[in-house]
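In the two complexes below, chain A is the common chain; its partner is chain B in one and chain C in the other.
So, the complex of A and B:
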């Protein structure tokens, strides 16, 4: 998927779909404002999510992104900003 | 005013320093352990003042207005990016210790150079991605214009595997594996479980011991449940499953503190599991890239037993492994990347070279030092040879003498490739025990390696292929193997160095002359050191090993020392 075509909502949905799988959580309880740490995104899951995002959206992301930003909304905004630089 | 680029390997273990000239050519590379004579030089800064000063003096003598730019082999201190480092294969205290050393080096490496060089060196130190450094180092010596470049190690910036494509001078990352799934950490754990020390870098002892055992199917099956390979990426399996398997091995299959031969079946099982995982990665990579050529880097590329099977077990037709694929080699990668960045910033085209295969990039003996040894010879005979010493050395070896050789610039990387080697006649079945008893003092099972002219490899080895840096273990042909028992391992293999006129002209000539005398164009080559110490660095190191061991002679450039 080209990074130019990624909408904010694509990234948020992708993060939340994968959080649900990795953390064995029902998808419908997760929203863009959910604090990811509260649903089981520990440091290991955070780096795995980074890898999935990097592969899916063909973005080069910094390892620290999942530790700096606490919600899918914050992560998606950060990635879009990084991609625009 | 010319600018030079200094690469610093800053992992915390295996520090090294490399220098690239304004043309993008590596003119010096050496591991810090050689200068310090401290194996792996844990925690030592890569820019040791007295190590690098004579090298810089040489550059400044030729180029008085030279300036310098430094670069490190990591983007950042790991401890600052990952706030909860953990691993199931490596104990937490070891991880924390290693992270602290990496942080220390990442923050302070270069300070010595700034002191020595003053205003000649740029204050800012550039930092480059760890796996990219591995890849650039590997590509620089690769003979291919197009290849898949796979990096496998203990840990990089975000994971322990990366794939790059190398096409016509362009190196591009295709993907990187995220998370703690690591073949390097997996093999380190099995090294400790086998009773060896991963901190001491003894993974290759496991590889050697594997030939004496047989893989235990149950163990292999369990080991293969620890990691999952998906599209080349390495991930941990289910953590509960992993914990059960690790607990089983730690409680039922640990050989810590036991005689090393007891661990032979575990070693064989470890090597089998490692090979299957790595094969899966390489098969995935071939499917993704379609390349026939493979460039392999990272510490896992030191597994020569596996490397020798790649062309038979995967669709790859040719494989290249650099002379220093592990973290020491990243000094070269960082220096080359700094050169490229500087050129690009100046608006100039900067394509990193390839096919630069000469590994002799380190320090060389100084004539003033050999003269001192000559002038003060008392306990030994010393004489300068008139020619390059090849004929006399071949004669000595044919007479069964064990000879240490220190010649020209040292090899960069862990293998002795004829410039810091102990050479001997491989035809004698007793020579292996003799070298172990009188010189090396190492475990009796460990194999010695052969050197052979490239033209003769087909006559002596199955699946012949170039192996200029001892990166590939191949099967000897029978009955030829019976002629060289000292360099045939328990499983009928040898970790060979192939000799060409371009890469090792002098050693090739010695080996050919030995072949003319004996009918066997093969020599035994082992590193010029004693057990537990790095390969010799100074002339005094060489003489010290000579005087305190059973070496019959030492050749330092053209100075021949023999015992009275």
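So, the complex of A and C:
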């Protein structure tokens, strides 16, 4: 697995672990294709989740990204793209 | 003047449109029913901050204090009382007393502009409205005006639906800093003196609220600061309007009569605020649109209009909001714009635009970061 794939998987897992905690959902029902809004990612949770992503990966991210990209997979890809720019 | 890239009202929906918890309303009649319905309320920022405190363990005490002292949020008794103060203070009859003062200040703003070199519409025309008009009118005299204005003039960002946590933390520190600067100035001025400035036509809003209502000093300071910050849309609209007029007319001004005749159109197209926000309290259907409980409704001010079939002019709009939450500063804004813009055009019959940048980080308003122009010498 390339380092980029490692990063991608790290970000996806980090997002899903934290979505599970914030939204009080079992981790095992969440996948990279789960629509985040449908499991309880609202404005408050989006803000908290982005704060955690910023701290963990040192990436600046607007909470609205959670709704623009909808799933952990899309958010992770968007973050990787943002980081490469 | 080259064409404008701002495209007011055409897009700038950011990610809102893709958020299933948010719904943009662009139909005037649907918007009207949303605003009239008891099933929609203003976003409860106070409650949001409390939830954020619980989730993070951080304190947003000062942010909550500001929300509690701002007449734009919530609808409890305290807010109604503060709104009454603001509406009364900014009523037609009260503003009348400030008439000649406003005219003098507007003249100063225009006369201070250089006639022979570049200047920035934002820094040199818009921002002085805060210092020359809002400060004396509202009684906002901090210990450090420059620092105070740097923070207070962008407080508008705090109402963004999803401000990143770091910025929310910064806002909390900013609020504390603003209050400190007002308190320091009061201490420096001595007991019994609330920074009153001699020679003004009437008591400022700060003096008014201190005399009239049973609020503590912190609330009074937060109230006038919030009102001061709320003038940002006027400043942005003034700049947008100037940019719009000169752009539409290939860099030339228009006559005062033409400006008067088209004022409502200019005002609508230049209006800075993008949306009126409401939250659906229960699942509701209006005019074929369904709003699930908890949906954030964003009424698109530029698009939610009624156009007259006869002359294609906008006959109904929500530029200043609607109903009980109609903008308390609407009359003041129109008063300033109707004098400032023609006076500016009289002084500058032609302008060249050079550099300009839209403030893309601001999701709640159409605003320029800067808009540099140079006067064109009159040719005879």
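The rule is simple: the second predicted complex is superposed on the first by the 78 of 85 C-alpha atoms of A that agree within 3 Å, B and C clash if a C-alpha of one lies under 4 Å from a C-alpha of the other, contacts with A are read in each partner's own complex, and residues count from 1 in each chain.
As a working rule, a contact is a pair of C-beta atoms (placed from the backbone, for glycine too) under 8 Å apart; a residue touches a chain by one contact, two chains touch by 3 or more.
It should be emphasised that the depicted structure is a prediction, and the values quoted were computed from it without experimental measurement.
Enquirer: With both structures fitted on chain A, tell me whether chain B or chain C touches more of chain A's residues.
Expert: So, of the two partners, C touches more residues of chain A.
Enquirer: A:48 in the overlay: touching chain B, chain C, both, or neither? Say first, second, both or neither.
Expert: So A:48 meets both chain B and chain C here.
Enquirer: In the superposed arrangement, which partner chain does A:76 touch: chain B (first), chain C (second), both, or neither?
Expert: neither
Enquirer: Contact-wise, after the overlay, does A:16 reach chain B, chain C, both or neither (first, second, both, neither)?
Expert: Neither: A:16 stays clear of chain B and chain C.
Enquirer: Determine, under the contact definition given at the top, whether A:39 touches first (chain B), second (chain C), both, or neither.
Expert: Touch partners of A:39: none, neither chain B nor chain C.
Enquirer: Kindly classify A:65 by the partners it touches after superposition: chain B alone (first), chain C alone (second), both, or neither?
Expert: In the superposed model, A:65 contacts chain C only, not chain B.
Enquirer: Overlap of the chain B and chain C footprints on chain A, residue-wise?
Expert: After superposing on chain A, chain A residues 42-44, 47-48, 50-51, 54, 63-64, 67 contact both chain B and chain C.
Enquirer: Give every residue of chain A touching chain B within the complex, in rising order.
Expert: Going through chain A, the ones touching chain B are 42-44, 47-48, 50-52, 54-55, 63-64, 67.
Enquirer: Please give the residue numbers of chain B that touch chain A in the complex, ascending.
Expert: 81-84, 86, 157-159, 175-180, 233, 235
Enquirer: Would you tell me which residues of chain A are touching chain C in their complex?
Expert: 22, 35, 37, 42-44, 46-48, 50-51, 54, 60-65, 67-68, 70
Enquirer: Would you tell me which residues of chain C are touching chain A in their complex?
Expert: Checking each residue of chain C against chain A gives 14-16, 18-22, 48, 51-52, 55-56, 161-166, 168, 294, 296, 363.
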